[in-house]
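Since the structure comes first, as structure tokens, the remarks are kept for the end.
Per-chain numbering from 1; labels A, B, C and D assigned in written order.
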Amino acid sequence: MAEKLRGVFTPNMVPLDDRGEINESELRRYIDWLIERGVHGLYPNGSTGEFTRFTAEERRRTIEIIADQNRGRVPILAGAAEANVRESLRACEHYHRLGCRAVAVVSPFYYKLGPAAVYAYFREIARNSPIDVTLYNIPMFASPIDVATVQRLAEDCPRVVAIKDSSGDFTHMMRMIQAVRPVRPDFAFLTGWDPMLMPSLLMGCDGGTHAVAGVAPEAMRRIFDLTTAGELSTASDLQYKLLTLFDTMINPSFDFPAGVRAGVELRGFRLGPSRQPQSGPTPIDGAKLSAAIDALLK
Amino acid sequence: MAEKLRGVFTPNMVPLDDRGEINESELRRYIDWLIERGVHGLYPNGSTGEFTRFTAEERRRTIEIIADQNRGRVPILAGAAEANVRESLRACEHYHRLGCRAVAVVSPFYYKLGPAAVYAYFREIARNSPIDVTLYNIPMFASPIDVATVQRLAEDCPRVVAIKDSSGDFTHMMRMIQAVRPVRPDFAFLTGWDPMLMPSLLMGCDGGTHAVAGVAPEAMRRIFDLTTAGELSTASDLQYKLLTLFDTMINPSFDFPAGVRAGVELRGFRLGPSRQPQSGPTPIDGAKLSAAIDALLK
Amino acid sequence: MAEKLRGVFTPNMVPLDDRGEINESELRRYIDWLIERGVHGLYPNGSTGEFTRFTAEERRRTIEIIADQNRGRVPILAGAAEANVRESLRACEHYHRLGCRAVAVVSPFYYKLGPAAVYAYFREIARNSPIDVTLYNIPMFASPIDVATVQRLAEDCPRVVAIKDSSGDFTHMMRMIQAVRPVRPDFAFLTGWDPMLMPSLLMGCDGGTHAVAGVAPEAMRRIFDLTTAGELSTASDLQYKLLTLFDTMINPSFDFPAGVRAGVELRGFRLGPSRQPQSGPTPIDGAKLSAAIDALLK
Amino acid sequence: MAEKLRGVFTPNMVPLDDRGEINESELRRYIDWLIERGVHGLYPNGSTGEFTRFTAEERRRTIEIIADQNRGRVPILAGAAEANVRESLRACEHYHRLGCRAVAVVSPFYYKLGPAAVYAYFREIARNSPIDVTLYNIPMFASPIDVATVQRLAEDCPRVVAIKDSSGDFTHMMRMIQAVRPVRPDFAFLTGWDPMLMPSLLMGCDGGTHAVAGVAPEAMRRIFDLTTAGELSTASDLQYKLLTLFDTMINPSFDFPAGVRAGVELRGFRLGPSRQPQSGPTPIDGAKLSAAIDALLK
């Protein structure tokens, strides 16, 4: 049986070149940098990775490049949500052949589906996937996955091995842990809400997938290590500094993930033009963002 | 200059065969039936048409079949939202070549974008599209297009000729008409909220795109004709019967557009298996749905 | 049997003197002015009347002054929501003795109650009230009253004779009319959403309670008269001008009902200091507000 | 300078007798029981205490009885929100004379006010109150108090000494602590979300006001003691059991605080008839509730 998912996963962005195509060499350089700075795993084709703004072929190509560059150093959690179950399963098969550890599948989006349909969707994928499946709950963007549905899927589908929860609702995470852990101790809980990594770990989470880990991987890793080692006072100081960075990068005055993009560029990577057209200058305060990164890293 | 969009457009569903592929012959038969029953126009690749559950190739194929079968009888409003602006523009070009009257482009979805980004997105498409563009506002599924943004786009982009508003917010429609009509009298307002067709027409709308028109095209057309002819009492009776059908087909106890699917099948078309997996029997009450259709048609 | 509620009711504000007490003479002058300008009825102790910011004694005193000044000229719909059912019933009895036509009772607020509790609350009041009861639905401030609950109350409680709906949801109003009219043709539907008076009347409403009627009573009355007389083109022009005034007075940049207050003062009444403390200058644009009133009145 | 607010406060319910009047003897017995079981403080006239369903006189009487029975044993945080600032200040003065430690004032409710008005409201109270003021943020029922407003009030008003946050939003609490603690180290943060007491304390909170403390005061106190003593494993077990009780008592299938009422009665207190009328039998599962209490207490 494969090892439980654990630690800090990076939902990485994809660099583009001047023509707007995937910049393969810069992507390889970025992946190396993330691994060298200590992230436990990679998570391409997530929301931070703007998966909806790429074509199906481009999503596939992104995973191929990353799997090749990774050379088995860290587990890859590959985003595999496509237009429908059949297309998603094709992605699952391909990512399985590439040696990914698991796929992550976001709940159906655009239409807001009820629990029965969300269950049916994931069950169909889980029954046919050759690779482990992580549920991805992000109710601000996609149909919510409620606690009872997570529990049913955990009970009925051995292939479902984890949930990534980006709801930002601490109690929701506690409820899922309480419902699932007794029946599936191998099931992993990853928080997708960066400011809550430390308290989430203290209440039983196994790790997180954090946009901030694409900008300050060292710090995210350090919060994980300090918290699991019981050094709570130092961990707390760092967690609050990370909150400052998070609120500087991700806030309502500009559109996600524009702030993460700016942060990655401040760390020395060229991400190229955004797939989302811009009108006017960006409202992101680069000096403030830079200061927040420095405060967290020093 | 092309004629203003006006009347009842049908956001049609796409029949599938037993293997889950587009059922071309049934789609052609359905299109003929809709046109013969009096719809003013067709609107493939909309929300009712489950555009997100098809691949880019399938969306293109759907338009090709419909344009071919239509043979210029009614205007086609072709849904052209793809993964990003470049892909959407390719669709615009193709649908232009096929002789569609205009494209409809839903506001960016998944990410919830602010007004500046929504404006930039549509402006980029409008500047480069060879075919007229209809904005598509459906805030329950996609980033909202606010009144000021509609006004800016109407002023800045001659290529933007209409908005389809599925917000269900009557005052929002009035605000858009008030803001845009003085500067762009050629701009068309289509309501996407079936129960409000009659009052919307009375307050200045030009028509609507209505899921119910895919099930009861005769009735939708009749409400339009009666209202524009000033026969308000008869129109009102029919509009209330349509409300009953709408609430029977589209309600929170089952997922959209499952009820529309059931309604189209009751009219004699085989839509085949849904792309969205089901668990357990459908909660749709066929007898009640059939009665609501009959009450509206007689 | 009393006559059905019909026409334009004014949810009037209460003038205060320099010490912050009810300014009785100005209130009497304002009431005369409203009646002389043609409102069909008065509606004190509503949301526009800031009922929650007065004590129980003050709410009672307001009705006493208005009933005395009215001298039976127009029907009074008296807001009678108090801390609990027993206190509300005391108010009902008192307003009955004063000759009010009916009371209006807002759905329980602060706590967000479900349909069963909302039903139980209104049933208890309706069973014991000596005066007709109007339900008041304003889901942005209080527990929503859903369609099924309105229907049950209409069927079970002869004392409940009307609903005032301030949801702003046009379809909701249509659903209520459709559910209740067949079983209670005497039941009145009043819209509380000013920009929708005309279309609401055309779809079967009996009238409205409109904050704008406290600022431009002549115009509100004229929209009612024109619409019921079938002069739709003139009515529509006026309704759109009213929308401009509404959006100038009631919008998210300042707190309700500060804009209504400013409007009433522009018509020549001294409302005195607000019960809600202010910090800094008001963001209301007096010149713009004045222009919107003038455009509507001329 | 008074001591900082700290520990577990109980937002107690008020027993009524058969006539629906305050049951003084049962209230006194309940208060003694709570203090004897270890709660750090009392919090009458809160949301759990159904303050809006009592008259101004009854709210005052409740505090008088509790202050008398308490005889200075524990600090009292007295809910002092009345119809307007003047009435609230009268309550502040009275509760100051009665020896309460501080008042708690909920943000203005019914109307949803913006930050400027919320600030002005609390500033006016803080400037004139003879007793320390705790802000009470409960956005599901009242106007939200945002982080910037809390910071401004903490900086401008020495009388404001704490905030009780019932948002259930963990990150919001962290943001407030981060914004206020550097400028006001004496300012206390109390969480009003029972399932998050332990993680909140670990991230810097000073305590909480918890409805569950009115049903299982011993357990709430124990979670506080274990967490502050660093016995995290035992604390976590207890916190998860408390989550079960919380979800059994407080959930969408019945109206708050009906489940708390049932819980207090299971502990041996007669609370009498609810001020909120009921229709039909209660949907609360007494056996399940009793089991959840037992599991937490053993």
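The rule is simple: a contact is a pair of C-beta atoms (placed from the backbone, for glycine too) under 8 Å apart; a residue touches a chain by one contact, two chains touch by 3 or more.
Here the structure is a predicted model, which is why all the values come from computation and not from measurement.
> Return the chain whose centre of C-alpha atoms lies at maximal distance from the corresponding centre of subunit B.
D
> Can you work out the whole-Å distance between the CA centroids of subunit A and subunit D?
37
> Between subunit B and subunit D, tell me the centre distance in angstrom, where each centre is the average of that chain's C-alpha atoms.
The computed centroid separation for subunit B versus subunit D comes out at 50 Å.
> Considering subunit D alone, which of its residues make contact with at least two other chains?
None at all.
> Mapping chain-to-chain touches, which pattern fits: line, ring, star, complete or other?
Shape of the chain contacts: a ring, since each chain touches exactly two and the loop closes.
> Using the contact rule from the top, write out all pairs of chains that touch.
Once each pair is checked, the touching ones are A-B, A-D, B-C, C-D.
> Which part of subunit C faces subunit B closely enough to touch in the complex?
Going through subunit C, the ones touching subunit B are 168-171, 174-175, 177-178, 193, 195-196, 198-199, 202-204, 232, 236, 239-240, 243-244, 247.
> Per the contact definition, I'd like the list of subunit A residues that touch subunit B in the complex.
Residue list for subunit A touching subunit B: 20, 47, 52-56, 83-87, 108-114, 116-117, 119-121, 123-124, 140-142, 252, 254-256, 275-280.
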